[in-house]
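The structures considered in this document are given below.
Next come two complexes built around chain A: one with chain B, the other with chain C.
The block that comes next holds the complex of A and B.
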């Protein structure tokens, strides 16, 4: 076990972690706003990858160019989700909220299976291909670009939420819905915006991953699991927590896979999750 | 909370006499029905309804009574299935005994999992259990002792055998075994829901702070509920393994098991003893029929239906179908 291999694992883990972080940030934003965990997050990721795939296969648009379209589609999907499902269950019990989004996830996944069959697909010869060699390090170009784009999107999201007026309105709604409404911030609109942005983040991650990842109907499950863990680890509702948590999960996954046994990746992440949540029940940066 | 105090004086049979006679009638009907003649499809349908009703009932104990949402309850089903099959294959122990091993192992796991995890609240617990369910599947896929990914193929006895709990000629014995287990666990949960323990669990669910102030040890009661729930789930796994005789991790630890118990309970009515039975007797026929008539198309049509039903129920009837039945029919008015 040489240091080069470990370094390689760390770099791979970091790149994966940034993607997890962005996916989790969308989840966290939605949770922070209305205290609903979107259990269909993985399926939304799957939809965004398929949108990227179909734009490539039907119109010949390379995934890297179709990213804006994917983001818009996902944002639209988010607004639809809010309009047709979420706004009815805002005041329901937590159990009902979990079941509703769980139902949505089963629904989307099986519809996708019916329409597109469970076959594995991939984008053939995308613009981003090949790998870089830095010393003894091998870095896949699409992976690198994807993680950098995700990092940029993450920074953009963070600046949006903390600096712009709409972002501050979002935060106000997250902190106290009723107080914000008294100040003239319509919470329903904020929720819709939150869903649009949250799924927009997923759109970025999915669109970038379409470059190098296999695209199939169950692809979202593992990513969603890691995103749930990242959100809980970082603290529900904290966006910056997602970045740290995403990176931790990426590193644990790749280092654990290298040092112990790659088939138990999920277990290492699980152990980390349990340890953090037991000693710090509100997560690393959580408000709740 | 006043129910909590009233719990002492609540009689066990506080149910409308008419309802009791209807139930007794139904039970007799269920015992007689196969003798009149049911073909093997209907026997299978009833067996599946019984099994899923018990599984959902088990989930109802932890989620409905004590309010902890477990998304990985399939783990206990799988433990039960593997326990009987493994002990039968390795040591030739009859499933009748190893069903209890399965229950015991599930109970132990429930304690081990419950102690650290039931301190977590709400979403944290739900996500942790989701991970538990999948971790079990991952571990059993790699565990060579129990056949890893190819699973266990239970050796078939040449003849029907009560000792080995295998019947090849007809599904009738399975029907009665599942029916008896169904009645036992239903009765047990019914007694539980009327007992002091049941009221305490509901107090823990509705207001943990208030429960704590009444000297109810919240985390202990959550663990008790989790253990009871696991021990109801495990025998169903054991019997299911005996019913299909081939088990593998993808089948008995499938996340679909965890989903369907949730779906049945929410459909029927969560936190209510009748909910899982109503849910199972509506959902399982839908699923079996849609599999027969639409399953050939290759798509997961029954899953689309599940998802749709779940969302519709959550939006329009969060208390489940049981809320269509007026409450005073089920419970005799209190005479004070």
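The block that comes next holds the complex of A and C.
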């Protein structure tokens, strides 16, 4: 095995890792804010990919141009999810919360299968296609742009949460919603904003992946599993932890598949998850 | 002018009446001290006034506005600040960020909110600690942090729950001075205290609670001489 192949695997892993990181960041933000795990995160990703697909299919909008619309649609979806489901289970027992979001995932997937059938679709001839050759490296252009957009979105999210008024209010609500309310911060509004941003992140990732991934109703399942691993590895509620964890998972998946056996590449990721749960359950940067 | 009027405020938890028909008023610019043994319902009273816990019945007027049943954030936005007995700093954020979060209620501009927060941090004498995470501060410093954070919302009425509780004896005088300094800024204060000497020193009026009921209300001198208060709470306190 040559060093070029290993380098190729590293680059591929990094690009995938940045996408995992952004998906996980949305999940982590929602969990950090209200301690609710969104088991429908994968289905939200699927919706964002279908949003890009239908905007292309019906209106001829290339995914790269429909990204803002997809983000807005997903943010709106987040607000709807909060106001019509989540706010009723905020004080409920954890099992009820799990059932609610898990039920939501089944509901969304079933509706999607009813409306769009389980067929595989793809965006034909998107603007982003082809590959770059850098020395002996081959980098898919859509994958590269998708990962860079995800990285930019991640940086934007981080700056928003740490540097803006609303971001600080979100952090305050995440740490102690009652103390935040006493300072005039409406927690219900913050939760809705959290869901909007969380699913907005998924909108960016899903919209960009629509350029090169098959789009079908079960597409989100594996990504959601990786996002859960990333959140656990990075630390529940830690956004920056998701970046490191996403990259680690991308690299492990890619290098494990290359160096050991590609058919077990999912296994390597979940071995990491088990090791984290056993030896460092709070994750790399977590506070839970 | 009355800044706060509480009328027949009640709240039960199961069969226990935590607050039973509590009534009192607070004059603008004054300090009302609340005393009572553990479990008297002092902190619950704060919870009811600030909307943190919903009252079963009663009326609460802030100036002329009925605030009964409003959510904590709405009551806060009207100008009612609060600190907690069990401290609730945003531990993973710096002192400056903690206070800025409060400042954002009235000031949306980040730079102005930051300047205002720094001014308040200076007021509570913690300017050198402004970049420290809240979790790194001592109990006394976290008490000041909570006061600073509550002040940042520019409250007209500030409810302080055992500011001197759990801090070392050396720190107490400076916290008392801080309360006096705060009063001079025109803020009306309601403070819960176990240290009876402090209550008598700083309060214009004192409300005594016992087993959820109001047993006395009056000036510190009147309270010191009140037989019911002496029997139920002050004990052998020297009324002279």
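Criterion: the second predicted complex is superposed on the first by the 288 of 288 C-alpha atoms of A that agree within 3 Å, B and C clash if a C-alpha of one lies under 4 Å from a C-alpha of the other, contacts with A are read in each partner's own complex, and residues count from 1 in each chain.
The rule is short, and it goes like this: a residue touches a chain if its C-beta (ideal position, glycine included) is under 8 Å from a C-beta of that chain, and two chains touch if they have at least 3 such contacts.
Everything quoted here is computed from the prediction, not taken from an experiment.
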Check chain A with both chain B and chain C modelled on it and let me know: fit or clash. fit
Between chain B (first) and chain C (second), which, if any, makes contact with A:171: first, second, both or neither? second
Identify the partner contact of A:184: answer first if only chain B is touched, second if only chain C is, both if each is, neither if none is. second
Applying the document's definition of touch, where does A:274 land relative to chain B and chain C: first, second, both, or neither? first
I want to verify one number. Taking the Cα centroids, what angle sits at chain A between chain B and chain C, in steps of 10 degrees? 90
Compare chain B and chain C by how many residues of chain A each one touches, and report the one with more. B
Touching partner for A:263 - first (chain B), second (chain C), both, neither: first
Between chain B (first) and chain C (second), which, if any, makes contact with A:137: first, second, both or neither? neither
Overlaying both structures gives a minimum C-alpha distance between chain B and chain C, in Å, of 19
In the complex of these two chains, what residues of chain A are touching chain C? 163-165, 168-169, 171-172, 175-176, 178-187, 287
Quick one: in the complex, what on chain B touches chain A? 63, 67, 69, 71, 116-117, 119-124, 126-128, 130-132, 134-135, 138-139, 141-142, 259, 262-263, 266, 270, 297-301, 303-304, 306-311, 313-315, 318
Counting only contacts in the complex, chain A reaches chain B at residues 31, 37, 85, 88-89, 92-100, 102-111, 113-114, 117, 225, 228-229, 232, 236, 263-264, 266-267, 269-270, 273-274, 277-278, 281
Once bound in the complex, which stretches of chain C touch chain A? 50, 52, 71-74, 76-77, 81-82, 84, 88-93, 97, 100-102, 104-105, 108, 110, 113, 149-150, 152-153
